[in-house]
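Quick heads-up: structures coming right below.
Paired with chain B in one complex and with chain C in the other, chain A is shared by the two complexes that follow.
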Partner chain A sequence: MDLFFQTLVNGLLIGGIYIAVAAGFTLCFGVLHVIDFAVGEWVMLGAFAVFWLNFFTGVDPLIFLPLIMVLFMIVGYYFQPLLQRVITNQQSNALLMALAFTFGMSILFRGSALTLFGFNQRSLTTFLSGKNFEILGISIPALRFGATVFAVLVTLLFMFLLYKTKLGLAVRAAAERQDVAGLMGIDSSNIARIVYAIYLGLTAMSGTFLGSIFSVHPDMGLRYTLFAFFVVVAGGLGSIQGAILAGIMLGLINSFVAVYVGGQYIFLILFTVLYLILLVAPKGILGKGW
Partner chain B sequence: MEYVDNSQKRNLIWIALLVIVATVIPFAISSFWLRIVTGVLMWIGLAQSWNILAGYMGYVSFGHGAFFGLGAYVTAIAMSLGVHFIISALIAGVFTAAFAAIIGYPTLRLQGAYFAIATWAFAEAIRQIVLVLPFTGGAYGMRLPPMLNENFFYYMMLLTIIGTVAIAYYLMHKAKFGLKVKAIREEEIAANVLGLDVTRIKISVFALSAFFPGILGGIYAYWITYIHPDSVLAPVIADQMVVMTMLGGLGTIAGPIIGAVVLFMGNRLLWVFWGDTSFYLVLVGLAVALVILFLPSGLVSLVPRLGKKDKPKVDDQPNSSVTEHTK
Partner chain C sequence: MATGLNVKNLKVAYGNIEAVHGVSFDVKEGEIVTLIGANGAGKSTILRAVSGMIPIKEGSIEFDGTLTDRLPSHKVTQLGMAHVPEGRGIFTRMSVLDNLKVGAYQRNDKQGIQTDLEMVFELFPRLAERSQQLGGTLSGGEQQMLAVGRALMTGASMLLLDEPSMGLAPVLVESIFEVCIDIREQGKTILLVEQNAAMALAIADRGYVLETGNIALSGQADYLANHPEVSKAYLGGDIA
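Showing the complex of A and B:
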């Protein structure tokens, strides 16, 4: 029974980070209508950015979190127009093109990382690494705990931004109908850039955490792209509440499969679950997606 | 035959010349180059199969490599049971087509990004199944009886590729079926309202686009004689199918052919000069991004005569259709 609760806690503790990825990802889809295939690669780039900062300065990786977020938000703000150019490309299959474009970006990022950094795995050591504390006989890894709490807080902050501020209202309006929002005086192209910036900031932050909990290597992205898809599709594309629920679910599935079934089956099981969800409830587990 | 105009006559002459050249190639070049040319042929077939699905029906699959790998494994298993190679490869094709039909029935209900994700996840799952199944050898893979006859594989590939391209051309450009498929690409709901059995058409196209990769996978397995999940089920196979087609030009017959030749030759040249390098991925990624940004209709659009065949009509309302499609 101890093992069961330990697994449960581990699952919940990793789910928080997936929520951060999923929230940004789903918002990005909601406004841009583009599935970013490179999401895992952005996670990877975030992890590598922290790794190199830590490598050259020796300062604890977690100190760099705000810097990484700001850095990637700037990158996102200036990268988005490129993506926008593909989306508004006057062709009937513009969406397909955008999908393929991010797909190309993901290959590019992975290839560049492999070429520059090689295939070996690196690890990030933070001041929380290796520390545990115990509650009711269940040991809680400090790093996972801190990461999840931080990720959830940032996500909440960002939900507050989305639902309680004027900027958030503009974002939601743009997600609803971009052209009508434009007619109401919302600068929707700027909104799209801001959303993409937020998305990249959240993703890179998660990359820092995931890199320090697991390891940093150029091929790590693939896994997280699949996870992000799982969360977003299971929660219903565009539904943030659904994504949060699905993020926790993903964390739980991950940890239970790893303990009770075996880590090599994880994609198989995720795929089966995803498939069933798509067939039974194509709008996501809460029925709120599109 | 009906009336044949001059340009068609000229095309026929070109095709006849190409076939003759292709037939004598093995006697004219070294076995090193023959292997490369055989590889080019294989990729033409794979890219063209993907193009049937994505270019003509507008369903982007990011997991099409799975059918190639399945074909390779089915052939390997059949041959280990003593079935003749050609029959094994045909079994592989039929198996992958049937498999695609079964998988496609639920999956094809999804559209756009959902479909892309589902196929991608599907391919990952197949790779994992193959890794754990008892009769596929797991991560160690399978060995096939060796056969050291490069010419044989060249002709097998050539035959399959001629079949693939001819069938794709006939179905998508000549037969009524192609019009139905394109109707689904342009506006699926309208196609349905007009009385097309959309589900059946989609499943047949999906099965067709899985049939050829199955056979090609089989030939590849026998050619390489050793397969394992990371060679025939690697994600890079699906990646390359997508990239080649995008590079050459989506929804054209010439596009995937040009894309496959350019990309595969580039790959091999890189390999000759620098060995197996991950820098290739950088080039592939850059190529896709640049082509989509600056040449969305692919390389074929540089040669107007080849590209004009099936260029999707330019939308006159730029943004509104984009938002509608995703709902």
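Showing the complex of A and C:
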């Protein structure tokens, strides 16, 4: 029974980080209608960015979190117009173009990282690494706990922004009807840039955590791209609440499969679960709706 | 400074297909002007071009002394023109109140927004009753009220209304047109696109009759209402 609770806690703790990726990824899909195949590579780049910052300065990786977030938000804000051009510039099939473009990006990023950094797995050591504390006989790794708490707080902040501020109102309007949002005086193209910036900030932040908990290497991304797909489809395309639920579920499935079945079966089981979810609820857990 | 809307030689194309072939018209401040015509005559296309939703091919659009034909829609809205699009374009996943707040997105005058919100609720008491309901759960008539209310919340001096009567029960159609008159009495200008030509001409000052992307006829509303061609083609009567 102890093992069960330990696994449950581990699953919830890792699920907290997936939530941050899921929320950003879903928002990006909802507003830009772009399924970003490179999401895992942004995780990887976030992890590498913090790795090199740590390598050259010796300062604790977690201290760099705010910097990483801001840095990737800036990247996202200036990168988005390029993506926008590719997907709307007289293209007849924008969704397909977006897939092809982001898929190409992911290959480019992964290939570049491999060439520049090599195959080596690198580890990030933070001030929380290797520390544990116990609650009710369950040992809780401090790093995972800290990462999850931080990720959940950031996600809550993000939800507050989306539902309680004027900017959030504009984002939700643009997500539902971009053309009508324009008629309300909302600059949809700028909203799209802001959304992409937030998405990259959240994703890179998660990369820092995932890199510290596991390891940093050029191939780490693919796994998270598949996870992101699971979360968005299982949660219901475009539903943030659904994605958050699915993110927690993903953490739990990961944790239980690793302990009770074997880590190599994770994708088999994950996508079987997704299949079953879609059989029962074709629109995903929460369907579409904010 | 010229006020109102002045459209000259407007041409609009979808790809290679030209839908509007050089249309000129104007709407003076405080007027209700209607564009009437059959399905596919280009009425909605003209409104979309005027509000910047779609690019124009040729011509010029001047609103309150500013050339707006190259501006994106959010800039046009900021100049004081509000377009109530065909099909209403309600944000279905937002509450009625949030829909109205989106309307006021580009304004910063808290006081003015509050005054306009009260004005909208007075004009449409139904919206006040349902302010917490999701936009998507409203009936067709209520959605139309919300669309007009939301446009008023932009603080616009001019409203473009695209088929406000579409799909509504006759009683509701009448009340929507009564609202148009109320809005005009507040000093606002209205450009009204309608298939319900009889109703539109009853409240309008002037009108233009569109046929396949060209203006076929124009004049005072009562002149058009009594014009044999118009009454035959659009008013369903052959009184002539």
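Assume the second predicted complex is superposed on the first by the 287 of 290 C-alpha atoms of A that agree within 3 Å, B and C clash if a C-alpha of one lies under 4 Å from a C-alpha of the other, contacts with A are read in each partner's own complex, and residues count from 1 in each chain.
Heads up, the rule we're going with is that a contact is a pair of C-beta atoms (placed from the backbone, for glycine too) under 8 Å apart; a residue touches a chain by one contact, two chains touch by 3 or more.
Computed from a predicted model, the values in this text were never measured in an experiment.
Q: Quick one: classify A:D179 as touching chain B (first), chain C (second), both or neither.
A: both
Q: Between chain B (first) and chain C (second), which, if any, makes contact with A:A192: first, second, both or neither?
A: The answer is neither, since A:A192 touches no partner chain.
Q: Which of the two partners, first being chain B and second being chain C, lies in contact with A:L222: first, second, both, or neither?
A: In the superposed model, A:L222 contacts chain B only, not chain C.
Q: Applying the touch criterion given at the start, work out whether A:M249 contacts chain B, chain C, both or neither, answering first, second, both or neither.
A: A:M249 sits against neither chain B nor chain C.
Q: Identify the partner contact of A:T272: answer first if only chain B is touched, second if only chain C is, both if each is, neither if none is.
A: The first partner, chain B, only.
Q: Once the structures are superposed on A, label A:K166 by its partner contacts, choosing first (chain B), second (chain C), both or neither.
A: second
Q: Taking the superposition on A as described, I'd like to know which of chain B and chain C A:L95 touches: first, second, both or neither.
A: first
Q: Go through the superposed model and pick first if A:I213 touches only chain B, second if only chain C, both, or neither.
A: A:I213 sits against neither chain B nor chain C.
Q: Looking only at chain A, is it chain B or chain C that touches more of its residues?
A: The partner that reaches more residues of chain A in the superposed model: B.
Q: State which residues of chain A lie in both footprints, the one left by chain B and the one left by chain C.
A: Chain A residues touching both partners: 177, 179, 290.
Q: Using the touch definition from the top, list the residues of chain A that touch chain C in their complex.
A: So the residues of chain A in touch with chain C come to 166, 169-170, 172-173, 176-177, 179-188, 289-290.
Q: What part of chain B is in contact with chain A in the complex they form?
A: Touch residues, chain B against chain A: 54, 58, 60, 62, 106, 109-110, 112-114, 116-118, 120-122, 124-125, 127-129, 131-132, 185-186, 235, 239, 242-243, 246, 250, 277-289, 292-293, 296, 312-315, 318-323, 325-327.
Q: In the complex, go through chain C and note every residue touching chain A.
A: Counting only chain C, the residues touching chain A are 51-53, 72-74, 77-78, 82-83, 85, 89, 91-94, 98, 101-103, 105-106, 150-151, 154.
Q: Which residues of chain A touch chain B in their complex?
A: 29, 33, 35, 37, 82, 85-97, 99-101, 103-112, 114-115, 177-179, 222, 226, 229-230, 233, 237, 264-265, 267-268, 270-272, 274-275, 278-279, 282, 290
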